Amino acid sequence: MIEHLPILAITVPLFAAFLLPIIEKAHFRARNAAALLAILSVNVMVVLLALRLSREGAPLVYVLGAQSPAQILPQGLDFPIRIMLKIDGFSIFMALTSAVVVLVSYVYSMKYVPEDPRKNYYTILLMLMLVGMLGLEFTNDLFNFFVFLEILSISSSALVSYSYNRKFSPYAGYKYMMISAVATSFLLIGIAFFYSQYGSFNIEYLHGVIRFTLLDKIALIFMVVPLAMKAGAIPMHMWVPDAYSEAPAPVTAALVSASQASLYGVFRLSFSLFGNPVSDVTLNYHTLGWIIIVLGVLSMFVGVTMALVQHDVKRLMAYHAISQTGYMLLGVGVGVVVYMDPGGAAYAAFGRDAMMGGIFHIMNHAFYKGLLFLTSGVMVLRFGTRDLNKMMGMAHRDTFTTLCFIAGALAISGVPPFNGFASKILIYESVYRFSPILAIIAMFVSVLTLASFLKVFYGAFLGPRNEDIIVIDEPLPATVTAAMGVFCFLVLAMGLFPGEVLKYLVEPAVAGLVPGR
Amino acid sequence: MISPIIFIILSIVIIIAAFLSLYFRDLLACVVSFSVLSLVLTVIYFHLDAPDVAIAEAGIGAALTTCIFVIAVKLTRRREE
Amino acid sequence: MRLISLLSVVFIAGFLLVAVMRLHPVGEPLGNRDVFRFRGDTVTDMRNVDTMDDYFLRNGQRETGSNNIVASVVFDYRGFDTLGEATVLFIVVCAISMLMSFLYNQNYVMEANFRGPDEFPRNVSRIISFGSFMLFPLIISFGIYLVLHGHISPGGGFQGGAVMASGTALLLISLLITRHVQRTKVIFSFFESLGLTVFISLGFAGITASFLYNFLANGSPLFLGRTIPFGPNPGFLNSAGILPLLSLAVGVEVFFGISIILIQLYHFTRYASRAGGGRDI
Amino acid sequence: MTAHEYIWKTMPGIHWNPLVLLALFIIIALLIAFAGKLFFRADYHKGTDQVKPFNSGNLDEIDYNVKSSNLYWGFRKALDFYYRGVDSLHNGDLNDYMKWLAFTVSICLLLIGGGLL
Amino acid sequence: MSNFFLYLTSILLIMAGLAAILYKRNLIKIVIALNILEAGVNLLFITLGYRPGGTAPIFTMAPELEGLSMVLPTPQALILTNIVIGFATTALMLTFAVLTHRHNDTMDIRNLRGVESND
């Protein structure tokens, strides 16, 4: 059974999701237990896969539908014909992040989302979001990547418009779905160009055969730019505040890791598909790196300046998600320019540090941004509104939520004992050696991030306790505090012991993404 | 051997149907011209030796998509304001 | 600002045309005209080298046992895409019943003077209702034919299911499905989950070799395993292993899924009420 | 090598040792929490109406809580030219969002055309 | 060069769909534009696998002639999936459009700009 783990990690939650409408007939607690069991088993399987990968070293390959899972090439042929799953360091790193975030957001939403006939569909769609993310990160086939991206987009856009009594939630779902549909159609055009040239969809095979003709570069643009739009990069980021602020709090936490799955798609397609193969003709990595750097810096600056003036707490945190995506793009962009450019600067070690900082920031961001959105959920639960001006004095009763919010706010602005600091320090150091101005902008943006979360802390938590604006006063359910507690523990533990996480998780991820050198 | 003339005619019909379905102000007219587009697309797929796709495009593209478009226009406004 | 957006659209159109001109001319084998594919050290011209499709055409009948190579690619070689595809349809059915389910909630005030669009026609002329009543069995039988003969003649799970779903649309329009909407929705969603579970458990059944492995093909003719000769042949019903079963499962799921979508959308006006109440989450 | 030895042997020096950092963090937090006790006024009682802030002028109920949204009004006014431009960007209009996608794709295609990529 | 305009039709469909998404105001018309974009992509994929002299890739009752060349099956398998995904996306977006009309009583994007601008 151990060799079938890659496919079981994707199909067990799928099987559970298909059975949920029937389990729902029994009792809603049976449905809660079944869903929790399925998501827990996914986490266990992904951890087992991580252990197996670290033991074997080589990426795990699983061929679907062949006599044996390892039979990559049919007899006597040198190109694969079936769909393959390929799991290397980077995909297991993203799979761990997605599995943990969806588990915690499901535990949070068991009691947080009110129990009504629609809660069953909510559970199914959240689990299918997890299936979409895992499938996106494990597959080695371009068209399969398209199908799982479609699963992820449709289930998350349906969850965005879950609250039917808000005026703009269906319209937010409409915008998110339209953006995802156009992005996947562009992706399909890119796949068509590849298929017409090389006759195959396998990423690993295309990596070996690619000749960088003009058609390949056009296909690269048509595949990478729409995925950058779905990840929230700057010129095309305007859908992020609308979608994140209209969705319920646990769904937004899962949406953050969904956008990061698209970011994984950007890095996977621009590195594994367009890495520098044996042939001498290659992509000009200097320009590609600088495109990613410019996107990153713009995202950082515009995201945080927009967040500073918001008075809706969820829109404020959504703009922070954009600015933190800017950090990841900056780290990886500097890594590309310095590290991958054969003719460019000496392959200084700090290029690899920048890449490690950028990728490590993906996991950190998923955890502390999830924590912040869960605390914003408690704020909305308490005051019934999202407007910071109408909130006051929450710290009097909810001390645990206040501590969680402080942990999240300090982590996002990179204060030492928390995990934001570990990856931001890597990014600052390596970007400073690359060009000091970028590092200074990055630090200034961190200061503005802390300033805007100070505003949220002052608005919602401090101030006298005002009875008539509090809507719900009884203590929080156990699962809600447990979910926030798990994120708090993760944020603190990874901040105190970054060395282990870097050695076991981020190192193989960068090795998987940028082989050789 | 299917002479390319058929493809030229069908292509022109498709282009006209596409532009008309985006040009009309009355939404029902747009939906009808979109179903004409799907129908002609089915014929093109048939001539491109793709019978599976032709049946799928006819069954889903022409029949069901037009049906849900008509229901959606019925539930909202008919004229584009 | 308007000029920039016009310019960028024209620019994308121009580059797409340039890209399409560099594509291989229609009808030529795959492969780029100015590209030769590396195979080890020998450089071979892409044009006479076989690709994935030539393998399917040559070995499709032997390995999967189905005459319709497209059906063998859809359900056997790239069966995982079809599983993803059935999931996409399942997601949309769940999403629409989630978004529309506030209609059937009792605690939503039914506005008396709701200015909904003028109702659908109350009564339909005798010809339409009787005609569609007679036509419905024909559509369903044609759909079942398409589903079951997926691996012999063109057709398969999706096309058959879609044709049967257009039968439901016919019943809806001729007002034959008017009462017990909630109960039909529950029964249809049960069958839809059943179809999907059969599909994925067939995938698990072959797990000893690998997921979605066609373990029935080329086995005993009793269990759909008849081996078929290469080249044109009249086609045998019990030949393609788990292909007909997968096609049947997908057909059931598509029919009941799309029927739920149509029923929910169609009945939106009758129950529509101003949505209100509920806690902001 | 027992777990205890492993922890203490592989720990980096005193200054970067995370456990020391954690202990330091907790000690300082406690210090700040209880240092306050020295400066509290003994005659303050929690539940009484002393909690109400002292509004010197008119006594009718005024909204004395400074709204959180005008915390950075100076920053907003200073960069007003920038915020007017950026606000018009996020106007919730689907067409504008897609125009930005078309704009970015055409810029990248320009890079290819220019032979840069 | 005989049927190069099949590529031309698919490019025209793609650009018509994209341009309408950028400029049309009505919610349902944008969904129609998305469907036209998907139809263009499907046509592009199918014309990639077309062989002028070939027959459909089905061996039942296939003509017995010697040089039997067949059309490529993989694009057809993928387009089958893409058509059903296109239908699913359209059904979902029409539900969103109907619910938006129910809440805001307008189908025009310009009136839906109601994002409360920050202070």
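A, B, C, D and E are the chain letters, set down in written order, and residue numbers restart from 1 in every chain.
Simple rule for what comes next: a residue touches a chain if its C-beta (ideal position, glycine included) is under 8 Å from a C-beta of that chain, and two chains touch if they have at least 3 such contacts.
The structure presented is a predicted model; accordingly, all values stated were derived computationally and were not measured.
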Minimum number of chain-to-chain contact steps, subunit D to subunit E: 1
Label of the chain whose CA centroid is most distant from the centroid of subunit B: D
Interface with the most contact pairs, given as the two chains involved: A-C
Centroid-based (C-alpha) most distant chain relative to subunit E: D
Distance between chain centroids, defined by C-alpha means - subunit C, subunit D (Å): 48
Between subunit E and subunit C, distance of the C-alpha-averaged centres to the nearest whole Å: 15
Subunit B and subunit E: spacing of chain centres that average the CA atoms, whole Å: 10
Euclidean distance of C-alpha centroids - subunit A vs subunit E, Å: 28
Multi-partner residues of subunit D (each touching 2 or more other chains): 69, 76, 90, 92, 94, 98-99, 102-103, 105, 109, 112
Junction residues of subunit C, two or more chains touched: 5, 9, 12, 15-16, 23-24, 30, 52-53, 56, 68, 70, 78, 81, 84-85, 88, 91-92, 95, 99, 154, 156, 158, 162, 261, 265, 268, 272, 275
Where subunit E touches two or more other chains, by residue: 2-3, 6, 8, 14, 18, 21-22, 24-25, 27, 30, 44, 47-48, 50-52, 56-58, 74, 76, 78, 80-81, 83-85, 88-89, 91-92, 94-99, 102-103, 112, 114-115, 118-119
Inter-chain touch pairs (all): A-C, A-D, A-E, B-C, B-E, C-D, C-E, D-E
Residue numbers on subunit E that touch subunit A, as the complex places them: 14, 18, 21, 27, 30, 34, 37-38, 41, 44-45, 48, 74-75, 78, 81-82, 85, 88-89, 92-93, 95-97, 99-100, 102-104, 112, 114-116, 118-119
In the complex, subunit C residues that touch subunit D: 4-5, 7-9, 11-12, 15
Parts of subunit E lying in touch with subunit D, wherever the complex brings them together: 18, 21-25, 30, 109-110, 112-115, 117-119
Complex contact set, residues of subunit E against subunit B: 2-3, 5-6, 8-9, 12-13, 16-17, 20, 24-29, 31-33, 35-36, 39, 42-43, 46-47, 50-58, 71, 76, 79-80, 83-84, 86-87, 90-91, 94, 97-98, 101, 106-108
Residue ranges of subunit A in contact with subunit D within the complex: 168, 174-175, 178-179, 182-183, 186, 214, 217-218, 221-222, 225-226, 228-229, 235-236, 238-239, 241-242, 283-284, 287-288, 291, 302, 305-306, 308-311, 388-389, 391-392, 416-417, 451, 454-456, 458-460, 463-464, 496-497
